[in-house]
């Protein structure tokens, strides 16, 4: 050790013990969090797996025995994105990138270094959340695009463009929920997995307004609001099957989608703006609860 | 007979610089302190002595067995207590030690009997029926010692055996291990960074530095430093110090802290301690302690690392006393 | 807000669930190095965690530089911590980690980096600062933890078992650095369960046992307060026969034993004994070769305290 | 009168105990069957087993049921007797039983086997083993035997007893003949058990040797088991190479493929074309076995690499 390398003493102003303004220190924590989230090997691996899974879903669109897929691949893709992809695969992106942000700091015990810095706990909590959202959106978008790309259909631009928005809403809403779960349970990942695959599935399986309790309902609402017109126009076989005389369906009319959905006993989805606003309010609530818990919690951070 | 005999041992992992280079050393009976800074190659030496190292250059004999060919036989006759916290999942102390005894080849019933015996011996008492996970740090340390003893090894390798223990526990375990060497003829290699404890327990030390052996020394070789005293006193120090200086009594080190009332001083060995008492009396300083200092293992170790082997009549080296402060350095 | 760095605990109690961590602890620390000594589970770590705002005391108040540390991040500008946890980001170079942590202190990026490099150099990790702490030895990680604690030049330093895992050379350097920091007037708090370590860095001690503060002061002050245990002084002299009658009547002197090397004296008033022997030796009445209060050292003090 | 030596005493017993493989296996086995998850799931299997046994008794011993069963199981225009009836019924029952119990077996291996090596890593018991006179391969063997033994309780013993019961409930004097004629059922039971125990063991060994965290092991194992089952389901609906590859990725489905195939051959598919198509969609028992052995070897190698480590200090 070289004691002569001591840092020169600071000017006394810095020794003020006043609390920093809110969100001071957000930027470095965010940058650091992004750096950890975008760790090349992990990020590329996850992205590759996501693209692969998306491709599998997309390819399965050629399934010959599905009555619709044989006749109407558009309708099949429309439903496929909703059922498997938005319901189970997209949340996994949020799970992998957003959930561990803060809970890893706790389990690796590196949180201790933040607790002894002039950065409030809420800043660290929120910044680590924010840094997880972007990679989740990126990978989610890649996954959905990979489904579209491998489906073999010439998907219109509107649908391609809708994908990032849907992925972003999913990352925000499910991410904040998982993030909150991780601040409550010691095994946040497991809690989030159980939530996604058990509780969400139960909500979805239920009829009527119980469905709105599921988080993915809002994400799927946005998806429906953005792409229904495009898909409805192209799902000719289904349109003919339901309404051969063309009484209900006139090209470009919204209720085409509704009719198809009713046929499959789907709930009515909320409109785009409603879905987005609800999702934002919900995630703000989740984050607020997480902040509140984090602020008053003890962190012994034992080995 | 040398317990461990190593000739020209070189071991390199991959393309990194060798962990041990041409090490030649002998470890004899009794308690041997294995010392060396981090990265000196101690862990590679441990692996070699435990018969875990499959390939290396040079020759190594442990308990007279070839460390390359008779690796399993070596492991049957050597006990190892690791530095890190280690226990068995979901088992009571007694079951864990019995199981590890079985792994050494002991039949079930013998292993169980023996497990009881060693666990009792290390002082775990009734706790042997409790899950090891519930043990405190001190109990785990005792558990680790018990598992190293279960198969009655001839050579015990203890890696920081007192880590994490409180002062009372350290004292107890230290005595227990010392007794194993004295009364039961166990040979012990004691690897540690806590030199005062090594000094208490060891008969000799072996020093490694940067993958090379710096020799084996018997602790008896360390002579007291003639004419060096550690003194403690109450009263004004500047006058006293000036007086000491005037009498050519050198203050080698002062105990850190604001009043600096515990010093190490050196004077002409012929005179004994009398001049100190005289000066103290003249300056109204109350002496609380005047005690000849023998060289500590720490001093010796530092000197070995500095490249000078210890001599019987060692010179006082100023830079190596551990109560130095900035102004004296 | 106080100008001098300080830590004050007033009647602090802390428990985890129903497990007692600290029990009604009141103690203050000012500038200089203080040692926190106690066996495992005595509450040392709990106390340091309360001081650094990781835990909120269940009863009582903790103040650091006049502010409560829990969820009061401003005060942390003046605090540096070497935690007990052996934790570092496994996937980032140590220089980047410490630069980041120093940025959180409010420095800009360049300054943080300069400080991080400077302090890594200072603790002797200059040659490995572009490597991840995952491959470090325990001693190197210990140094890295110190570098991050020093990078913002705090004047309250809390070091939890800082010398764990260091080799003798490292131990010595680290201890010298801690003492130097104390001499600069920083408030340094060092915990350890190894007596030699504490003796190496701190004169003022706080002894903790079962969550309670048993004693504070220098080893000698504490020893003097333990008046129920008379001090045993080994007087090494050839003139034992002559000396014994001279000191036997001194106030406080209990038993005197004759040993081959001199006298073993037990006294409750050691100062009287030291004065008397000092005077006689100075006048040349007796030749005293050595004077050794055998149970005044830290080990004895600790033994008596926890008996 | 005597005062004997107190304190430490030397050991004078032998070192010729059982092979360390058995000690490691015993330790692992005891830890595995002592877990709560094994007890709960084991009782579940037991209940299922009792129900199937009772049903089988009814189907083979109550005359009205048997005659009704004849009409259900017999194809038109074929000579039909009680022995053939039993065979067909048993094949169907085995498929039903294992269709469910194989999943339970996977769950047991996942919950009770997650810590098999991971626990040794987490508690750092591994170095304590390695400094004893055992070979790496002995450690691997000891650990690799644990799950097959556990799974034998839930996956092997029920099938064996069903087979025996079916033989015992044949008319007097024909038991041995029936058992002899239906060795293929016994073969299916054993095949199914081997595929399951190899595959599950290999997976758990592999994951468990990679990380000290049980939770992580369980999560990944669950993903592989259930994700694999989903993929295999998806795969069987595809065509071509993708189908042939994907339908074999589920360890659970592979393990019951022998029973599935046997059941399909009894009477479900009336013509050869349908059977051909079924063979294309269902995983092949042979390839299933190959996959399971490959997984076992990979898992064993992962453990072997751990056991070869000589790191015993930090």
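For clarity, chains are labelled A, B, C and D in written order, and residue numbers in each chain start from 1.
FYI, a residue touches a chain if its C-beta (ideal position, glycine included) is under 8 Å from a C-beta of that chain, and two chains touch if they have at least 3 such contacts.
What you see is a predicted model; the values in this text were computed from it and never measured.
Engineer: Count the C-beta pairs in contact for A-C and for A-D, then report the pair with the higher count.
Structural biologist: Per the contact counts, A-C leads.
Engineer: Using mean Cα positions as chain centres, tell me which chain lies farthest from chain D.
Structural biologist: C
Engineer: List the centre-to-centre spacing of chain B and chain D in whole Å, with centres computed as mean CA coordinates.
Structural biologist: 52
Engineer: Hey, how far is the Cα centre of chain A from the one of chain D, in Å?
Structural biologist: Roughly 38 Å separates the two chain centres.
Engineer: Centroid of chain A to centroid of chain B, CA atoms only: how many Å?
Structural biologist: Computed value for the inter-centroid distance: 57 Å.
Engineer: Which positions in chain B are in touch with at least two other chains?
Structural biologist: Chain B, residues with two or more chain partners: 326.
Engineer: Hunt down the residues of chain C that sit against at least two other chains at once, touch-wise.
Structural biologist: Residues 137-138, 170, 176, 180 of chain C touch two or more partner chains.
Engineer: Taking each residue of chain D in turn, which ones touch at least two of the other chains?
Structural biologist: 314
Engineer: Where on chain B does chain D make contact in their complex?
Structural biologist: 42-43, 46-47, 50, 52-54, 72-73, 75-76, 78, 80, 82-91, 99-100, 102-108, 110-111, 113-114, 117-118, 121, 147, 149, 151-152, 159, 179-180, 183-184
Engineer: Note which residues of chain A are touching chain C in the complex, please.
Structural biologist: Its residues touching chain C are 1-3, 5-10, 14-20, 24-25, 28-29, 31-32, 35-36, 39, 108-110, 112-121, 295-296, 298-303.
Engineer: Going by the contact rule set out above, which residues of chain B touch chain C in the complex?
Structural biologist: 35-40, 136-138, 163-170, 193-196, 229, 234, 255-258, 272-274, 277-278, 280-282, 286-292, 298, 301-302, 305, 322, 324-326
Engineer: Any idea which chain D residues touch chain B in the complex?
Structural biologist: That would be residues 7-11, 13-18, 20, 23-24, 27, 31, 34, 115, 119-120, 122-125, 127-135, 310-314 of chain D.
Engineer: Going by the contact rule set out above, which residues of chain A touch chain D in the complex?
Structural biologist: 56, 59-60, 62-65, 187, 189-190, 193
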